[in-house]
Structure formats: C-alpha cells, structure tokens
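Below, chain A partners chain B and then partners chain C, in two separate complexes.
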Partner chain A sequence: MTGRMVVWMIVLLGSVGLLASCGGDQAGNTGAADQDQELVYATAKDTNDMNPHFYAGSMPAQGMVYESLVENTEDGIKPLLAESWEISEDGKVYTFHLRQDVQFHDGEPFNAEAVKKNIEAVQSNASTHSWIKLSTKIVSCNVIDAYTIELVLSEPYYPTLLELSMTRPYVFLSPKDFVNGETKDGVNGYNGTGPFKLAEQKVDQYAIFEANETYWGGAPSLKKITAKVLPAGETTYLALQKGEVNFLFTDDRGTDSLDVEAMNKLVESGEFQLVRSKPMNTKMIVANSSKLDSPVHETAVREAIWHAVDRETISQQIYNGTETAADTLFSSNVNYANVDLMKRSYDLETAKQILDEAGWVLDNGDAIRTKNGNKLAMKLYYDTHSSSQKTQAEFLQHAWKSIGMEVTLIGEESTSIANRRSTGEYDLLFNQTWGLAYDPQSTVAAFSSTSSYYHTTSGIEKADELYKKIEQVMVSQDEETRKSLYADIINIVHEEAVFIPITNGSVTVIASADLQGISFKQTQFELPFERMQFE
Partner chain B sequence: MELLKKIMMDKLAAISLSIVAVTIVVGIFAPLFAPHDPYEVHMELRYASPSWEYLLGNDHLGRCVLSRLIYGIRPSVLWVLAALALSVGIGAILGFIAGYFRGKTDAILMRICDVMLSFPGYVMTLALIGVLGVGFENILLAFILSKWAWFARVIRTAVMQYAESEYVKYAKAIGVSNMKIMVKHIVPVSFSDIVVVASSSFGAMILQISGFSFLGLGIQAPHAEWGMMLNEAREVMFSRPELMLAPGLTIIIVVMALNFVSDALQVALDPKLMSSQNKSYRNATTSAGKLQGKEVA
Partner chain C sequence: MGLYIVRKVCLTVPLLMVISFLTFILNNLSPMDPAEVVLQAQGVPVITDELIAQTRAELGMDQPFLIRYFQWLMACLQLDFGDSYITGEPVWSLLGPAFLNTLKLTLVSIIVIIGLSIALGVICALKEGGLLDKSVRGVSFFLTAMPSYLLAGLMTWYFSVKLDLLPTSGMDSYRSYLLPVTVIAVSYVGIYFRIVRSSMLSNLNEDYVLYGRACGLPEKTITLHILRNSLQVAISVFGMAIPVLLGSTVVVESVFAWPGLGTLSVKSILSRDFPMIQAYVLILAVAFVLFNTFSDMMNAALNPKLRKDL
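On to the complex of A and B.
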C-alpha cells in the first residue's frame, strides 16, 4: 500500500517537472509567430455569426471586415466609403457620393446599387434593429447614379450620421452573398470592403482573417489576424507567455481576460506592452425599476444602493487605480452631458437614513430590513468571465449587508445577462454605457428600447415624460433645445437612480512589445488593426 | 468499541480518523473555532500574507482565509455527508427490497438502476443543474438522485448472499415476518458492507462537490467552500500562487484521511479477515480498490 503510494508520488512529481520543462522550452519560441506580421489575439467568446446585419458576431471581427459610409473620429464625422455628402435644408434627405475605387472581397464593385440593397436588407428586418432609431426613420433609399445614393427620412433626425458610422448594422456586404435578396435568413459568404477578409472560421476554436491586398486605403501591414478562443484568466496568460497569442484586449462586453496584477507582471517582463485608451464609458449597475415584486422598484432603495457604493476603494483596490471613480452616468466630457447633478457620495449613514425614511426598518435582532413583511432582498447578476465584476459584487454585497440589505450574487454568461436585460428578469445587473461614439445619443435612445433599458426606466414615475423627451431630442434641429432636453433626460434618470455608476472604463490592450501603431477608435467595440505592424 | 480498537491499532488509520473527527467537530462548531467573521471584508488587507492575527492570510477581499476554510467544512464535508447518508439510505432500502424479495420487484428495480447507471455521473449532475439551476442545494439533490442507484446495486448483492443462507430460510420457515428477518438477521451482517461502500465514496463525493464549486456551479458567493476558494485563488495563480495552498492542501488531506479510514474500516469490519491479519489486509485493499474503480463517478 505505502509502497504503491510512493511510486505514485514519484510519478506525480516527475510529471510536474516535465510540465515545467515543457513550459520553458516553448517560452523560447516566443516571437516565432511575429516575424511574418501575424497577429493572434485571444478572445473568451467565439467570433460567431459574421453576418453584419445581426448582433451575434464579435464586433471587433466585424469591424475589420465591414465598413460603413462614414466614420466617427475624435474630430467628428469623417468620410469613409462615402467621399462626401449633402443634407437637405429640412434635414430629411441625405445624399452620399461614394468612393469609386472600392471593391468587395469577392471582386464585386461597391456602388450605389450595393448600398441600396444592403440598407433595404436591414430595413426589411426592422424589429431586430429597433434600438437604432434611424431604422424607424428611413423611408426610402434611392439610387441617383452609379455612385450617388439618397437616403430619405420621415423626419429630421440629428444622429443619422452617427448611427450610419456604427459597427453594425449599416455596413456593407457583397450583394452576391445575399440569400433571395435578403440577409435575415443567413448569408452565403462574408465579403465586406474592409482591410481584412475572413479566411477560415471554426466554431469555438478560431477565426482567421487575411489582409485585403486590394484595400482601397492601401494594403494593411499585418498579413494575418487570428482570433483564438481561449478561456479568460490563466489559460490566456499562459498562452501569452508561450507566444501562442500575442495580443489581448478588453472584449465588447467590457470584460478583461486578465486581472490588473497579471497584466503588470507581463509588462514587467519586458516582452509585452500595455496600452490603455482614455476613459470611454461608464461601468455601472443597472436597477430594474419596473420589477414591482422587488424592492428595487422603489427610488429610495436605489438611492440607498447608490450611497453604499464605495467607488474610491473599487477604483484603488480592485482596479489598482487604473479606472477612476464615476459619480454620474455620463462623464462630463461626453457631448451634452455637462450637467450639474447632485452628487451622491459614499455614505452608509445617509443610506441607512434613506431606507429608514422609506419605511424599510430593521427590527431588533434582524440583519435584514423589512417593510410590510417584505424583506429587503435582491439579486445582482454579473458576468462569470469577468473576475473584476465578481470581486466588485462580493465587495458591494458586504457593504450593502451592513445597511441591512441582502443581495444574492448570480454569475452568468454575458449572453444570458444581455438576455435578462431585455426580458426584465433581474433586479440589479452589471453593465456599461456604450462608449464615446454612442454616448449619449444611442445609450439614451436605448433607455426606451425594449431590447435594452426599457425595463430599467419604465417603472419610474416620470417614465412617460422621459420617453417623450427622448423622442423630441432625436428630432430636434436646434442645438439649444437639444442641450436642455438632454439635461432634462439625464436629470430624470439621475434623480431616479436607475443607473448606478461605478467607474469610468477604458479599453486595455496587451500586445508583444514589438507591435507598433496601437491606437483606438471612438468606440470600445472596434480596434484599428490596419494601423498596426510588427517591427 | 472493539471496532474502534481495531482501527486504532493501525497508526495511519488512527491519525486519519482523528483528522476526520476533528474536521467534523470544527465544522459543526465553526463559529467557536473561526478566529474571524468569514464574510468580513477588509479591502486594505487584500492579499495580505499570513500574520499572527490572520494565520493563513487574506483573500482577494481581505477576508480571513482560515475562517473561510473552517466555515467551508460545512458545505464541503458536512452537507456532503448528509447527502451521502440520504442516497445510501435510499439505496439501502431499495437494495434490501430487491435483494430480499427477488423476482419481479428485483427485476424492475434493477432495470431502473441500469437506466440510472448508464448515464455518466458528471453528465447526469450537469443535466440536473441545467434543469434546476445553479446552486448548492441543486447539486446535492442531483447527487442524491444520481448516486442511489449505485448503492442500491451494491447493497442488493450484499443482501442476496445472506438472504439465501440457512438461518434466514429457517426463520422464514417458522413464520417470522419479512420485515423482522430483514431488520434482525440481514441488516446486522450486511451493515459492514454498507459502511465500507459509503465511506469509500465519501472522499470521491467531496472531490466532486469541490469540483462543481470550482466550476462555479455549486455554492454561490459569498459563502465559503473549498472548491470555490480554490477557484478564487486560481484567478491570481501566477501572481499569488500561495493562495492555492490552503484550500488545496485541506482538500487533499481530508480526502486522503477519509480514504485511509475507509480502508481500515473494511479490514476491521470484514469477519472473514479476522483470523489472519496480514493476508486479510492485502485482500481488503484490493477489494476496496475494485469498489472504487468500479464506481461510476
């Protein structure tokens, strides 16, 4: 018996040693993949359906293959597939002059006809695109000549160009890939106009993108990009160290695969660089105001939750100072969001007082407050792939317990959380605003969209007023009215405390040290891979 | 008492038994033994190394690792024990019925067992979690539902040997009721088999529960559980590998102790092995090995 145990021990020790030596061998190969301008990035989620007129696919991947008519940059809207455009006096007709040297990956010419087909394909599936208000405003799309197209709206809509610049759905797929002239029942191929084309895709394993040598903006330096599906955390860390992947970034749901310390360790080794974008969005907890059977539908409870979030500690301890504390839904540098709002600082006593006044009382000997026999108990959903969300959830759970609030934590896949958001089956969940290119107009528009924040906002007292104002602001022509309408909207949701801000998030990139030209777009959902190259 | 004496003669078994006993006692009286509140968050002590106040250091929320280990005994060991008792109970009742009455009852029960056993245990548990939702209670329930069949099988075989024996036949002939025969004449002799089977799968069940919690399917935060602590430590595996030691070693030690105890129990309980101690020891280990090997997770 003991003899056999000893043998096992030896075998075990031997295999550990073997594993360690394997790691050493492979570490020596780092950089082999780099020589031929090949970038391999790790992603926790599969690239999924690359159909650009749907929302299942990975946004960074769609961003390299497809392009929109215009581009949202730091200096405003710039030309992309459209060289120039005119807007009619009444704001209802947009005329775009297209670039004439653009081809789809399959050789089809990019022209007015292709634009029309794509826009009509999107419009024919309107219910899927209800979150993007432009889809409800487009009346028709007319071909003027081979490279001129006209977009007619039912009423003036100021974010038109912003929404046309988004990663999806108003991007262009080769008409040859359409099935029966539509894209909503699947497509035959994924030929866009972008700097990279999809070469091979294996579900839950990898997707390979190759440089588009005939790209109208010049062939990109990187010749091959591979998106490798790897579980977040130590697998990704090891893959980076072994040279199996050489690029890593914050995914489109705001999840970092590595914790801050692991990232710092990689940078210290000298083989990797860490590049952080400027703050792009606000990470927050979304409260479901329309869930009548949960205490969370009461404004006082939400306010108490807000007061009981110690943002400084989260920013300093959990994020090691890499993210700053956020006190409002939109930081003041976001357009139209420089509004004076009452600051709800971290103060447990105030939180307790608010709950007491609202009738949630702590009976002697109880740990949890009650009101009319109902317990002050809620559920908070977090993304299981995000270790920082879990840590924050546990930290907050403890703080909330001290004010007599019981919060159950439930970790789920990000898709399942997105689903909860649209069906309203949640009390509280982690979320983030959509980033510079989308804030505030798209995030605000999403307040009233059933697929996004409708359940979050529909339970508040001034819900009807809020929705009316959102309708108005989108069609307002005058800058001053727009400003005051946005101020009202931001004030209403702030007063009702339905979006509880935590920190200002950014996009983080970890890449091998010899990768040049890492930069960011105005959105957290895409990266400009075409500007990168290995030295 | 005699049984205990026999176990105590084997040093390894004695140490193992005391480890198991201490674990259970500490788990039951966790609030008395834990130096701190296991849920108390101290962000300023995040990942602090061991100190006199916090003997095993602090975790990612600055909670006391030792206290969490102690509170973790409850779900990791005690609740597993309860689930084990329940599934052995169900298995024993059905096993007795099948083994004693034979015939159609036996055939039907054993076919049900066949169905249950033809699914791999992990898949079965995962499927049940899929239906019932993530949660510790659901995993325990899934365990009970998927494990009883194996126990019923083994216990039936044990019962069958005795149900055929002369003294049972005689009892039947003089008109003793079936119930009484089972309780008076079969339970005492087959009890040792049941104990050995149960104790040998105890360790395996602890590992499985920890495994499911490690995957995030079991107990939910902030409750402490060994598998979950290991998972939390995994996230910082490369920056702070020492955090894996405490929960990892605890699981190894407790499960090993349980396996040694179960081996020793088998030796001590098997009446056939009483005459020659040396030979019996070898037999016992091989048969225990077989039992564990056969078990379908």
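On to the complex of A and C.
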C-alpha cells in the first residue's frame, strides 16, 4: 500500500510539472512592457479576424496594419497611398496616382493591379458593405498604368474620398493573401502596407505587431506593440500598476477599461499620463417618432424630454468631467455642422409648460400626466454592459418623474438594442453618433436607413423633405449647396427633437509617463502609434 | 463487473440524447433571428433584408427543425460543431484550445485540491478537537466564504504588484498557474477536506480499527486502512469535482485573463454565438455524465455490494 501511494504521488507530481510546463515557451511575453520601445496595450476584446474587408476585427489593430488611398485629417482629405488624384467634371470618375515606394509586408509591390484586386474583392461582397454608400456607386475600377487607377461611379457622390479613407473596407491587403482571388471566404495572411505588421496572434491571449522597418513613411520608433487581452477593471488596473501593460485607450465601442477614479489614481502616482482627444462623437437618446401608440411620437413630448435632461450634472457627476455636455446632435467641430440652432437648456419648468400646452395634464393627486385617458409613460432601453448608461438612465428617470412622466428602464444586450433600433420596437434608447470621420455623412445617411434611424425619423412631419435632402446632399457637387442642405437636415432633426444629445464623448489614453507623441486621428477607432516613442 | 460497466454505459446513451435535444431546442427558442445574430456578431454596420435572406440560406435555416437537429447531431458525433457565427471558424478549432487550457488549469487544481484535502482531512481527524484541527477548520471556513474574485484581487495585488513575484494574469509560464490554482484550491479544499475528515472520523470508531489495535498493528498501518476505507466517499466527490471545476472556472478565468472555456462561453453567450453555446453546453453535459459514470464504476470496483444495485 505504502509503495503504491509513493508511485501515485510521483505520478501526480510529474503530471503537475508536465501540465505546468506546457505554456513555458511563452515565458518571454510576461512583464515585458518595460523593455525599450515596446508598447503593451490592454484590450477587453480579442483582435479577432484581421481580414480588413470584414467587420469582426479590432479596428485599432487593423488601423496599424492596413492603409487606405487617402487619409481624413483635421484639415480635410490628405494623400496616403495615393499621392494625388483628380475628379472628372461630372464627378463620376476619380483618378488616383499611387505612391511608387510602397510594398506590402510580404514584399509584394503595391500598385494599380493590387488596388484593383482589393476594390473588386470588396465589391464582390457588396451586400455586406451596403452601409457604405460608395459600394453601391462603384461601377468599375480600371488600371490606367502601373501606378494609376481609375474609379468609375454610377453617379456623383461627394463622400467618396471620405469613405475611401475609412478603416475598412477600402484598405489594401496583399493579393498573395487572397483565396481564389477573393477575400470574402477568408484570407491566407494579413499583410498590409501599414507601419506595423502582425507577427503573432493567439486567440483570446495576445497579438504582437512589429515595426515595419521598410515603411514608406519611415520606420516607426516603437519596435513592438502587443495587444494583450485583459478583462476590464481590476485585472487591467493591476497589470498597469505592475508594468505588464503600459498603454490603455477607449475601445471601438466607446467603452473605457477603467473608471475615472482608477485613471486618476494612476495619474496621481506620477507613473502615468492621461491624454484626452477633442470631442469625437455625441452620446444621445434616440426617440421613436413613428411609434403612434407611444407619447414619444409627439414633438412636444420629445421637446419636454430634451429640456428635462440635466447634461451638466451628467457630465460632472457621472462622467467626472471627462465628457462635456452636448446641446446639439453634432458638435460644432464636425464638418458642415456649425449651424445656428435654438438651444434647449435644462429647464424643468419649460418642460412642464410644453407638456401642459400639448394637453398632457396632471389631474389632482396624480403623479403621471395623462391625455385623453392615455398615460405619459414610456420605456428607455440601455446597454447592460455600460455602467454609465445605467446610471444616466436612473438619473433621468428621476428627473422625468418630476415633470409627470413615467419611464420604465430596460437593460438589454447591445445586439438586442441594435435589433430594436432596426425594428422600431422602442420608445427611447441610448445611442451615439459614428464619430468625426463618419459624421455627418454616415450618421445622416443612417437617418433614412431602415436598419438604423428610419423609425426615429419617419414619424416627423417633414420626413419626406428630410429624406429628399439627404439624397440630394450625397450627390451634391457644389460646396455651398452641400452646406445649405446639411444645415436644413440638421435643423429639421433638431426642431423635431428626435435625437436628444447628452454628452460629447472623446478617446482617452492612459500611458506610461515617458511615452511621447500621443496624438489622435479624426476617427475614434484608430490611434497613430507610428508617431509615438518612449523617451 | 464487465456487465455492470456495459449496463451503466447503455444508460448514459438516452441521457445524452435528451441533453443534446434540449441544448438544440433551447438555442432555437431564442427570439432573435439567427441570421441577424450572425450579421450583428460579424459587426456588419447596417443589416439589410436582402442580407438576412442570404445569410438564412447560407445557414440552412430554411430546413425543418428536426432535420436540422439530426444533421447537427450527426455532425457533432464527428466533432463537427459547425462554424462560429462571429469568426466563421469551425467551433472545435476555437473550443478545442480553450477546453485544453481549462483542462490544464482544472487538472493542476484538482491535484492540489485532492492532495491538500486528504492531507488536511487526515491530520484533522487524527488530531480531532486539538488546536490544529480547530484552527484549520476556522481558517478554511473564512477562506471558503470569501468570494473568489475578492481573494484573486487581493492575492494578485500582494504577490504580483507589491512583491513583484508573479504575473498578474495570462498563461505565459508555469508561474502563471500559481495564483489561479491557489484561488480555485482555496474555495474547494475547505469543503472537501471536511468530507475526508468526517469520513475518517466515522471509520475511526469501526470494529476493525479496534481489532487492529488489539492485534498490535502499528498505528501507521491502521491509519492507512482507515484512509483506504474513508476514500470511498471522497472518490465520488472528487470524481465529480473535475466537471464541476470545468464548468465553474469562469470567475477565476476572467479575473486572470485565462483563455479557457469560461471566458469563451461568456463571450459566446454575450454575442449569441449559438453554435459555440450549443457545443459548450453539450461538452460540459457529456463531461458530467461521463465523470459521474466513471466515479460510479470506481466505487463499484472498491465496493462489490454496489454492483448488485443496478
């Protein structure tokens, strides 16, 4: 018996050792964040499928590896992989002259042929990309010479360059990685032209990106970037404190891994810096104007809701001042959005007055207003994974109650909220605009899209006029006409109070104090890592 | 014994069939259109009716329910659980590595749990009522009652950040095992050592112990006999501990960023990746049934009386 037990103990100990040594070969990855020019960022979501012609991958990671023809900057569209371009007079033909010194990460040359193959690969899966209107306008992509390409559209479409500048899908993958000349059924590799190349990817653990030493814009200073999958909150906070991670930023769903308090503590320690971008998007409540059995289809009710949102308190108390109060759907730094609009400030008395005038009255002793026997009651849907949305919902519920409005709060998964938005089964829900690089054109285009804001806008009096103007603005050639059309569109939705703004969101970066060159792009979904370096 | 095993195995087949059917039916009861779920999971920014129709056809959703079930079941038997809605990759290629990672963590933990439970159980039983017995029971009571995320947070802060001895998270080397295994072990040892202890105590008063002592057998030999008899109870508990651990490491995995089944299942549930959820539930159910059968067999091998029950 004793002998057998000894044998068992040896077997057990042996297996512990064997199992534990299984992962031993990756020991080098731990605690490496403090090495020279290595940036390790924490991400709650895996980098996922890096195929740039699909939407499952992490956008910040795709932004490091792939590039587009043109770049959207604060000063407008600038050259990137295309050195220059011409637009035909009728606005239907775009001719791009490509850079001649660019290579894909696998050594394949970047030329007109590669551009044609990529654009055709995207177009062959057009239904997936129908949200980006350019995909419905491209007729053909022709090679003029080795470094000149021509894009022919069915009709003039002014956001063409803007949509070509987006993180996806019009970015370029080495044709060698295509499967049967396509990218829609998976790819063989992830070789782009960007400043960093994907070196290793381990699902749900990490992805390692190495500097592209032959990058056409000069080798980046950071030599290695590791995206480490860590759950948000305590684990990420401890990993930052220990130095296993030295960078953190707002993810592509607008969520921060740490709360404001934890960020402040890290900054107070002196080892970290906090950098915040200018406002990138607007967080808002979307009201369903087409739901006739709900009070929310009345403009007066929506206006009253607008007046009863205390944005300053939300900004100061819930966001600790990290997000600023928003009075309009688009902040004034958004293109074409610097429009004079009537300000609806926080004023409960005005809200009450509007409701009174609209016939929503408080009978003696009642807490909830009624009109023709119907109660002023609505449902507000929020994302269960967003702690700030839940807090805001509770705060607003309380405020709205004081004007005689009953709001039931319902927390759901983000997919189910997206589903409600497209089917119209909601009164009010939380949402956000798409961000600087996409605003106003993509958000405005979504006003009339059935899967986005069609139910939000279709119940308003001027719905037909709004949709007509949206169609016109997308094909407008003249800058002044475009400006005036956008002003009209923004005015209509503002008057009707269907998009009730709350705060302006920005991208927040927490990084080691010795990291220099932290800046932002026009898009909230990418960061220019190639401009950063450790002192 | 051979007949007993055959009977036992035959009984598990209908049980597994029922489980597989329930797994399939539960996911099909979801109010959301799977085609829409797939498109949302893939992050397609705007979903059109045309795209939904196309995806439904691709998924074979136009087939009748029972036909879909049998097709799925037949494929599962060949370890083909379909493709993930999110990544489009075969479910097994994602679930397989995650399962292995959790299995590694589970096996290391179970070895520690069994070793510690037996050692503490035996010591406490032999020193029943003594200071050691009382303090072990007191401390274990305190530690078992502590939520594992709290314990994990405290231990990580002390051992990783303060003392800088161990990594905070991840699965990089053998050092990565120390914290998660300790956290898991602490919550189970406190329960299991009591089972060994009480079983030892009840055996201590048996006649064979008195007889052994009367015959002048050395105390060490008597203890080994008691241990052997006491372990019969513990074996069924330990046998079931493996599937229980496999299915309940989610908190520890999430705190320590361990790329295992728990993390994967939560992710799949949140994104409604039905093929992944189906495969996960099925695998865990099969593990429960198999380990239950296995511990029954072990007990039957140790105690011939049990074989007659079936």
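As a working rule, the second predicted complex is superposed on the first by the 412 of 535 C-alpha atoms of A that agree within 3 Å, B and C clash if a C-alpha of one lies under 4 Å from a C-alpha of the other, contacts with A are read in each partner's own complex, and residues count from 1 in each chain.
Just so we're on the same page, a residue touches a chain if its C-beta (ideal position, glycine included) is under 8 Å from a C-beta of that chain, and two chains touch if they have at least 3 such contacts.
Keep in mind that this is a model prediction, so the values were computed, not measured.
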Query: Should A:446 be classified as contacting the first partner (chain B), the second (chain C), both, or neither?
result: second
- line: In this superposition, the partner of chain A with more touched residues, chain B or chain C, is C
Message: Once chain A of both complexes is superposed, is A:234 in touch with chain B (first), chain C (second), both, or neither?
response: both
Message: Quick check for you: in the superposed arrangement, does A:127 touch first (chain B), second (chain C), both or neither?
response: second
- request: Look at A:413 in the shared chain and tell me whether it touches chain B only, chain C only, both, or neither; answer first, second, both or neither.
  value: second
Task: Would you sort A:79 into first (chain B), second (chain C), both or neither based on which partner it touches?
output: neither
Message: Per the contact definition in the header, classify A:244: touching chain B only (first), chain C only (second), both, or neither.
response: second
Message: Is A:262 touching anything from chain B or chain C once the two structures are fitted on A? First, second, both or neither.
response: first
- prompt: Touching A:49, do we find chain B (first), chain C (second), both, or neither?
  reply: second
Task: Would you sort A:397 into first (chain B), second (chain C), both or neither based on which partner it touches?
output: first
- prompt: Which residues form the common part of the chain A surface touched by chain B and by chain C?
  reply: 1, 234
Message: Under the stated contact criterion, what part of chain A meets chain B in this complex?
response: 1, 233-234, 237, 259, 261-262, 265, 313, 317-318, 384, 387, 390-391, 393-395, 397-399, 401, 408-411
Task: Report the residues of chain B in contact with chain A in the complex, numbered from low to high.
output: 39-41, 43-44, 46, 60-61, 134, 216, 220-222, 234-240, 263, 285
Query: Can you name the residues of chain C that touch chain A in the complex?
result: 32, 36-37, 40-51, 54, 86-88, 94, 97-98, 104, 107-108, 111-112, 115, 149, 153, 156-157, 160-161, 164, 167-177, 224, 228, 254-257, 259, 263-264, 267, 270-272
Message: Applying the document's contact rule, which stretches of chain A touch chain C when the two form their complex?
response: 1-2, 5, 12, 15-16, 19-24, 26-31, 48-49, 54-56, 127-128, 130-132, 186, 202-206, 228-231, 234-235, 238-239, 241-242, 244, 385, 413, 415-416, 418-419, 422, 446, 449-452
